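Going by the order they are written in, the chains are A, B, C and D; count residues from 1 in each one.
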Amino acid sequence: MKVGIIGASGYTGQELVTLLIGHPKIELSMVTSRAHAGKPLSSVVPKLGHKGNIISFVNPVLKELIQSDIELFFLALPHGTAAEYAISLLDAGKKIIDLSADFRLNSSALYKEFYGTDHPAPKWLPLAQYGLPELHPVSWQKSSLIASPGCYPTSILVPLAPLLREKLIDENEIIINSISGISGAGKNASERLLFCERNESAGAYGLPKHRHLSEIEEQLSEFAGQSITLSFHPHLAPMNRGLCSTISVRPKYPLDESQIRDCWENAYPNRPFVQVLGKGEFPETANVVGTNRIDISVSADSRMNRYILCSAEDNLLKGAGGQAIQAMNLCNGYTEDCGLV
Amino acid sequence: MKVGIIGASGYTGQELVTLLIGHPKIELSMVTSRAHAGKPLSSVVPKLGHKGNIISFVNPVLKELIQSDIELFFLALPHGTAAEYAISLLDAGKKIIDLSADFRLNSSALYKEFYGTDHPAPKWLPLAQYGLPELHPVSWQKSSLIASPGCYPTSILVPLAPLLREKLIDENEIIINSISGISGAGKNASERLLFCERNESAGAYGLPKHRHLSEIEEQLSEFAGQSITLSFHPHLAPMNRGLCSTISVRPKYPLDESQIRDCWENAYPNRPFVQVLGKGEFPETANVVGTNRIDISVSADSRMNRYILCSAEDNLLKGAGGQAIQAMNLCNGYTEDCGLV
Amino acid sequence: MKVGIIGASGYTGQELVTLLIGHPKIELSMVTSRAHAGKPLSSVVPKLGHKGNIISFVNPVLKELIQSDIELFFLALPHGTAAEYAISLLDAGKKIIDLSADFRLNSSALYKEFYGTDHPAPKWLPLAQYGLPELHPVSWQKSSLIASPGCYPTSILVPLAPLLREKLIDENEIIINSISGISGAGKNASERLLFCERNESAGAYGLPKHRHLSEIEEQLSEFAGQSITLSFHPHLAPMNRGLCSTISVRPKYPLDESQIRDCWENAYPNRPFVQVLGKGEFPETANVVGTNRIDISVSADSRMNRYILCSAEDNLLKGAGGQAIQAMNLCNGYTEDCGLV
Amino acid sequence: MKVGIIGASGYTGQELVTLLIGHPKIELSMVTSRAHAGKPLSSVVPKLGHKGNIISFVNPVLKELIQSDIELFFLALPHGTAAEYAISLLDAGKKIIDLSADFRLNSSALYKEFYGTDHPAPKWLPLAQYGLPELHPVSWQKSSLIASPGCYPTSILVPLAPLLREKLIDENEIIINSISGISGAGKNASERLLFCERNESAGAYGLPKHRHLSEIEEQLSEFAGQSITLSFHPHLAPMNRGLCSTISVRPKYPLDESQIRDCWENAYPNRPFVQVLGKGEFPETANVVGTNRIDISVSADSRMNRYILCSAEDNLLKGAGGQAIQAMNLCNGYTEDCGLV
């Protein structure tokens, strides 16, 4: 299958490029970038070396994208821009895996509340599949549009969704703290993201209503069968990649740690990319960076009658490009981990 | 006044050395270290340069400590060891500022619960002053023993204690997440603290019952006038210094952000080392590292009827050595920030 | 082919484990570690996740190693210890790829000069193949013992050897400065390698006679056809992986940059792991970390009649484990990059 | 004395602000920044806290600068812009300490060669004092213009100048490798300086003719009494601050290490900011960051008949703002280290 990447020069785009060039089942036949059109891939992704010279960036000209023999496009574009390309390409019969936030929500009202503008294509919202394959089976039969989840939501939905679905925890008592590496903020030449500004620093940001909160709550509400509101506190820490979440929840009735782990094992049987840690183990981002895995753990906070759920993932893999490939693999009938190990 | 430091080779000890050598009102006349006895200070604290050669480490011989003309000793020793020195020196009429955990608690039962052994000198527990001067006035008239607070507790007590004292927030709904730089774990040659193990990694540890929890809860209970139990989730992030805490609380009745800020301003009028940030500002560790300041902020999480309190400090200054000097300054009648700016 | 790794818990050992578990042509059937015997691989290399649980560390019992059906052992042991295992296993007919310094030199006198003890098996020195495949063809026909090069030597020999062989540069005017990430110092729980000691610091060490100098000079002398002495200044910088070298050389006669590049292209035609950068490009470690590639560049320093050669590699891949696999691939008749891309 | 800082929002400017606010002998009465005019200092230098609110940035209006009662201006501006302000302010009778490159060279031809444009005020070049006080006595009697040296030149001139003046080393055989922290590149919102681009990376840049080379060679030529050309290889490493240089030199006649150290001790008697390290010691940037000190060492490379000189400094202190204050202190008749310890 021939695939293309639109907007391939950011950190997510680079990760997609690297994964797709090495993927045994597909052919990466187009990468676009307005800023780098004409230059070989390796000029932007030098880690590719010689292999990166066989393909060059082109300008994303919609007509050419449509007329090409490419079946599937990955969109690694800013939100808003992604929707524009998606709509035209979908109408032309192409398949789309969109890594922006544009099609992750079902509700256009929620989109407007969190993103500040009307959604450009509300009719596509109910058609888009939320591409977290461990929670939602994905298939090209359902639709040609997959919205790949955000990095924070992935780290939060994987541990929480099964517990809410099984009604093990209180829906109104969820408090989440997350720590992200700096690549989560994208490759934007802003002062705030300079090495000397972020190195040797940590802190919360974007409180109390980070945009990813909309996606987290809408997804969890679906699993809980009722509307969920929660607290979400994102932080930055000085590392390139990696994201961990620490989630405090209250059980609905007396539980022990093993019941939480059992719930997870039942929800994720034989899934290669979810690992439930044992008693006394905690996820660390270094253990998952470079993999498409998410590690999850539970600790009983019995003095407070609460449980502490922890997770760690690579924000650019399971939190972005890796998860998008995983969804493609499943839709295309490849093994789930094809090109991801 | 002549002062000495017992156990001066760890990270807290080095910070004390550096601050006391530059302090205009006191004379640092003894530093001890078993491992480095005979070597000049600058061999362990090379940042001192030539100034560090005027004084050398000596072995801590109790008899000599007692017979010296030193009035005040800072103890930067492991818990347990600190108490042994403290008791003998106090009995000999010396003043003590102890940076270990040995005298921070009032309750010997709590000490045993969290530290696993009987307290070696329970009679001193009620006499020790908890050396967080913004919350507890300190004075040599009260006693000759000051227990300098831990780094996590300082970052948590400063924002929380006034709100509990003023009964603004619910005592049973407090959830705290903290991120610490690696120096908080001390200068121990363990595999876990190697550069390559901690660099590019973040994660929670020590859940659910970190030792500092005992100190946090006992102190907060005193301010609340009732027993407090809370959730505390410490994390490590790859930076040398700096610690931030993000605290979720529920108001007892409808409040707005400014009432929280007013409460803080009233609790800390003209205190040089507490800075209340304005609306939309969040503390970052880089803004306070190298200072004895703690920055605190509040954000209304109105969708959850909660408030998010954030704080940041230098774990080796306001969280350890700086705070100890601050307490000495006040007890000795110097200005609070003498030698600390 | 069944292979084993002796001493698999250090940074080099972990890298070998990761590469060999994913290698399509071989079966990793034994990993040894005295400290971790009985524990699954993933307890030491958590990045492996579930896959790391299919094999556990065992104690390295020589008799069992010999009696096993393993054909090839990788040794990732301290120097001295490596030789002990190597000799017995070679005598028993096993193949060995040794990643220690024990068999890298031809001269036992040089070994004694730089390592301070008599070589334990001097008769094997002339038989060992120096496993830098771009410079020395490797083959099990030549011998069953391959000495895998050090990280500094690899970064220096690849750019220098062809220029000396072709007599383009002066043999007596070579000055090398290298910067290594901290994993080059191994996984040793020493104070010097603690996060807070190495983070935010850079400096030279081990001047003027680092042990790798022996290997660099002996190898270069062979290519030059005359004895070479040079200056080598290693430095540490705060990063996990990556090593770069900057080499100042004097041409024997007027040259231009392209003649240097041509010499390299002729020396390394179609080698997948050597990349010659173009005019004005400089290697950066981030561009090669995670790959088995070495990037090399040349800049004319015409004001001084010198050339500046730069190189960058991943010290744990092309500088250690990756290169060892590359040698195995070639000896076993696999493609050179099998399991390395 | 009242002083002002023009261009106070970059990293050098921030360092000057911090030092001058704490300086006991002067009053910082103006800080300018086009981008931040109207905002309090602490909005850009949050480490200052409340103290930073007593003064706000203003726009640099030349007429107002001239009419003010400020006697001395520090210029922390890009080269070219600095000269414009300097000329007008000097003509108006103000004193200037310029931290840009505009007045560091004596030769306007050299300026044009390295900076690409004609010097805007060549008549001031011979009048400017090169403000490295350990090598050039500074005095307002000589002139009202001090050109504060670059970070690389300081790290190189301090160890080299005395050896050349005393004719201990060969003038034609000097090869210098330097490693700088990222703040040396300034606070410019460029992609290349983003956290994720610089973290976990090291490499050479700007070869073979970095702009600071002009300043290094011109200064050294003056000390040597003959024209000096040398090789200079700057590198970046992932740390905020700190710069180290490793310099290979050839002795003119047989020397031992102690003769080099004696030469330095004689050149820098009782200078508080130069520290000569003992045998076997090497400078590390972490030992000097946060101080105005430069550490220097020598190691005999006897196999090559060369010496290896190493130095380390804080690029923003001894390499920039600290050194500028040091020059002011001496010119104003304060103690050399006033406000710098």
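Operating definition for what follows: a contact is a pair of C-beta atoms (placed from the backbone, for glycine too) under 8 Å apart; a residue touches a chain by one contact, two chains touch by 3 or more.
Everything numeric here is computed off the predicted structure, so don't read it as measured data.
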Query raised in the report: Taking each chain's centre as the mean of its Cα atoms, which chain lies farthest from chain A?
Result: D
Report summary line: Check: chain pair from B-D, A-C or A-D whose contacts match over half of those in B-C is A-D
Query raised in the report: What whole-number Å value describes the gap between the mean CA coordinates of chain A and chain D?
Result: 46
Query raised in the report: Just how far, in Å, is the C-alpha centre of chain C from the one of chain A?
Result: 37
Requested in this report: Can you check how far apart chain A and chain B are, centre to centre, with Cα atoms defining each centre and the answer in Å?
Outcome: 39
**Report entry** Residue list for chain D, restricted to those that touch at least two other chains
**Finding:** 197, 199-200, 238-240, 284, 286-287, 289
Query raised in the report: Can you list the chain B residues touching chain D in their complex?
Result: 22, 46-47, 49-50, 200, 272, 275, 284, 286-291, 293, 295, 341
Report task. Over in the complex, which chain D residues touch chain A? Could you list them? Result -> 11, 182-183, 187-191, 193-200, 238-240
Report task. Would you tell me which residues of chain D are touching chain C in their complex? Result -> 175, 177, 179, 181, 197, 199-205, 207-209, 229-231, 233, 235, 237-242, 244, 246, 248, 282-287, 289, 299-304, 306, 308, 310, 312
